[in-house]
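Each of the next two complexes has chain A plus one more chain, namely chain B in the first and chain C in the second.
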Partner chain A sequence: MKVYPIALNTFREAIRDRILYLLLFFALLMIFTSRIASLLTVGEESKIIIDVGLSAISFFGVLMAILIGITLVSREIEKRTIYNILSKPIRRYQFLLGKYGGLLLTILIMDFIMTLGLLLTLYFKSGRFELHLLLAMGLFFCELFIITAFAIFFSTFTTPILSSIFTLAIYAVGHLSWNLLALKERIASFWGKALCFMLYYLLPNLENFNIKNEVVHQLTIGWKTVLLAIGYGISYSVVIILLATLIFQRRDFV
Partner chain B sequence: MRTRSLILLILALFFCLSLFFQLTLERARGEALSRPPFLYLPTGRYIKVLSLGYQNLAADILYLWSIQRYSRYEGEHRFRYLEHVYDMITDLDPHYIDPYLIGALTMAREGSDYERAFKLLQKGMRNNPDEWILPLDAGFYALMDLKDYSKAIDYFMRASKIEGCPPEVDRLIAGAFLRKGDKVASLKFWLDIYNSTTDERIKEVSYNHIYDLKIAIDLEMLQKAINHYKEKKGKFPTSLSALVREGFLKGIPVDPDGKSYEYDRNGGKVSAASEYRLRH
Partner chain C sequence: MIPAIEIKNLYKSFRSGFFLKKQLVLHNLSLQVQQGEAFGFLGPNGAGKTTTIRIINGLSYPDQGEVFIFGKENTNVGVKARVGFLPEEPYFYHHLTGWEFLDFYSQLFGYSRRYRHKRIDFLLELIGLQEYADMQLRKYSRGMLQRIGLAQALINDPQLVILDEPMSSLDPIGRRMVRDIIIDLGKRGKTVFFSSHILSDVEMVCDRVAIIIGGRIISVGKIGELVKEKVDFHEIVLEGISTDKLVPEFEVISHETNRTLIKVEGEEGIQRALTFIKVHKGKVISVNPQKKSLEDIFIDEIRKGGERE
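Take a look at the complex of A and B:
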């Protein structure tokens, strides 16, 4: 139960951050103006709105997770409030879990607002709520489990600037890691193949959560795929949070 | 108050300056239009990698750009990279149907490159086997522009087998068979349309086609038998019933109104007593 008050406080702290609203404003602006961009196309206008909208939600959602996530722990250290917190009967993993939960709650609410913006834009265009988009948003939220976990992980041992660079790099690598399998096929050496194989399974594969294409074209998505992706998101995040806890426990705040 | 005015003045000055830069840039860009618009355009495969999961958005941006570019009738080598541009868009989003249609339209009607247009539409068909619009579109180009009726029939047949395809495609197939010269196949399709439709107007149109085709097929068959008779016997038959009697025909058909065909024994020509409904 000690996790809950920390999560609630983290949430309260995060929603006071102006950068969050700035990002939300730009995301909503991009979603609403996609209606204008759609007028330039020949053919399906809704497709442009959905693509721009999903991309805006995904891009700004990741930025929110990174920019807020990296400061959560470091700010406590910088303001020395961590001494007060850790002097209480709170375990360090509880502290990190609370931070993680609070941040996820903040991002969930922001994602909800952005998704609502997209659904309303589409409603004014086509007169119906495209609820099938919620599945893409759900899986995208699972991707944010991992991104947020990495943001907190890096913030436990490095500066906010470096944390943001590292997390952004993880985001890029996570969407590129599938290339490692293709690279493995082209490499002749055994060790090269082994390295590619190992890196592929070690690094997060964020493409598992990318079903934008399927959702936009209303292609069939198997429940098995969705459930496996959710399972992957949760288990990978647990690994990263555990790693963050290990590092955080070694830090000396006394 | 003075400071505020000064700030406003500087602001206006810098705004004018930015406008000047903008206009100069636009002029410079105008000159650049005569040069090739892009020197390096990577393939869709590379952009897919670089798009970090935003390949749908990348496809949309490229598609919107391509529409703006190809709707302007300027630039010397406008169509040089057409195939590459639409390949890239459809590599990024293989299920996006509009680029296949618009790309093929631009290639065929603007660039007169039908081979590439068909190639793009075939790629679309491979990636989207459930979309009837792609083979239908290819069939239209083959029928209307290339007058390649066999190709048109192939594409229309392909479209007609896909769920959701409008029944009008059967009329296109029947028409293409007729233009190809295969009246029997055309008649078969018009009969199917006649039997399956509930629309009175379509029923009437298909009946008129059936009526004309039946006469044309009968006349062809009779003329062929007469000519065959002439080859064997060295003279024209005295009547059409002579063809049946002597085994050149199984029976004498009558036209859809039940009238007998007219036969000119001197010239060996057969003709219809009724008038064609659509062709005269």
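Take a look at the complex of A and C:
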């Protein structure tokens, strides 16, 4: 179990990083102030709090995943701490898996704290715990599987700044990629259709994990949708981490 | 006996610059380090020492050639458990305390908690940092970092210890400590392979050295042999003879007011000079044997290398 100490060390490094707390502070601030924003509406207060709260969690959650994910792997390479680790009896893929595990653990805990903040804000408003929010959070965490995997993937071969830009781009594209299917229907040319089709399956579709509207308006969500989204999140991350391992395996540390 | 390190015909190049021009940094490098010896890997900055060490440790891959550690391929995970490594100018996790840092590395070897604690306490005492065990590494001085780096290299009680410039950034006390640790490792039958550009460090602790310049091994051997091969000239300081008279006969190094410094080679040279001074009614101030140090050999080789190119 050599992955475990690396994951633990990654977690330890991440939670001792001040940036994390700064982001957490702003996220909680935004969640709590959503209570004030809700006063502007009549009868829809809870909906506003949920809407603003989930958006805050999603925005700051992604920011945490990108900032910490990228610095933690690139820093090892840039600061050459990686020389020490890789000269020990561990394999390179174990190192990457450890990093990934540690990051997911950090992000899970941060998400948990933010969700708790949102639940409490709602509790003070309506007097009950809106537990159906947990499903939205769970799916959002699956989205972070993919974002974190991409953050690690990019940082195995490029600089921290480029990695952040690429990962942010993936996040943006991932939320828009479903449009490709609609576009495919409107394009006449075969190659155009083929390109849309290929890109749609190549790029992640992060809208699969977005059930915010359903949660805000308390619509029913089918289990099939949820399970498919979880399966999609896990398998997409596995592929990205595998690709990252392949690149990392051949990387020359000079 | 199987050599501790066996390097066979290593080639390595880097691409750099806008047009990614290929630059060869290691040329057909072969080397054998026997088990139980302290081996010095000497060369000026940029000679290829660190590149070689990174290839040995499997951090970098050669273009061509092979590296074996205790007869097995260097990338073999099992073999890595028998090796300790201290990189050049090591950087560590600043967020960890000295103790946590050593514990982290020892966990990578899968040791039991009890063994880890015993080993860490022993190493902290060895490097004299027990008092700072609970301090975060960000507060450590460079010398302290170098020491804790050495401790992590010894965490698995390795059979082979590879140290890249272990003495750099250390004060005299730290240098002495590292030297003593290397000597002690040798006594316990461990193999030590270490690089340096500071010759006096190597002279004192190494059984054999290899000199690498421009990515090629220039010579390998016992220090005694390398130095003996190329020794001996004398410098004579004399008074009362003008340089005009001396120049046709001897190599004059310097001349100040009345005193002249000449260089003569061999016993016969000394005799000839002394007779010459006597005949010309000069006065001998001193005769100083000048043994060539490793440093001179180094500089000679670099010069020769320059001429070759």
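The rule is short, and it goes like this: the second predicted complex is superposed on the first by the 253 of 254 C-alpha atoms of A that agree within 3 Å, B and C clash if a C-alpha of one lies under 4 Å from a C-alpha of the other, contacts with A are read in each partner's own complex, and residues count from 1 in each chain.
The working rule: a contact is a pair of C-beta atoms (placed from the backbone, for glycine too) under 8 Å apart; a residue touches a chain by one contact, two chains touch by 3 or more.
Nothing here was measured: the structure is a model prediction, and the numbers come from that model.
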item: Chain A as common anchor, with chain B and chain C clashing or fitting; value: fit
item: Which of chain B and chain C A:R12 touches, first, second, both or neither; value: second
item: Which superposed partner A:E44 touches (first chain B, second chain C, both, neither); value: first
item: First (chain B), second (chain C), both or neither touched by A:K99; value: neither
item: Partner chain in contact with A:H217 - chain B first, chain C second, else both or neither; value: first
item: Which of chain B and chain C A:S58 touches, first, second, both or neither; value: first
item: Partner chain(s) touched by A:R35 [first = chain B, second = chain C, both, neither]; value: neither
item: Touched partner set for A:R80, first chain B, second chain C, both or neither; value: second
item: Overlay on chain A, chain C to chain B nearest C-alpha distance, Å; value: 30
item: Chain A residues within the chain C interface of the complex; value: 1-2, 4-6, 9, 12-13, 16-17, 79-91, 250, 252-254
item: Contact set on chain C toward chain A in their complex; value: 14, 51, 54, 57-61, 77-78, 80-81, 83, 85, 87, 89-93, 95-96, 100, 104-105, 107-110, 149, 152
item: Chain B - residues contacting chain A, complex; value: 49, 52-57, 59-60, 63-64, 67-68, 93, 95-98, 101-102
item: Complex contact set, residues of chain A against chain B; value: 37, 40-44, 47-48, 51-52, 54-55, 58-59, 171-172, 175-176, 179, 206-207, 210, 212-213, 216-217, 219
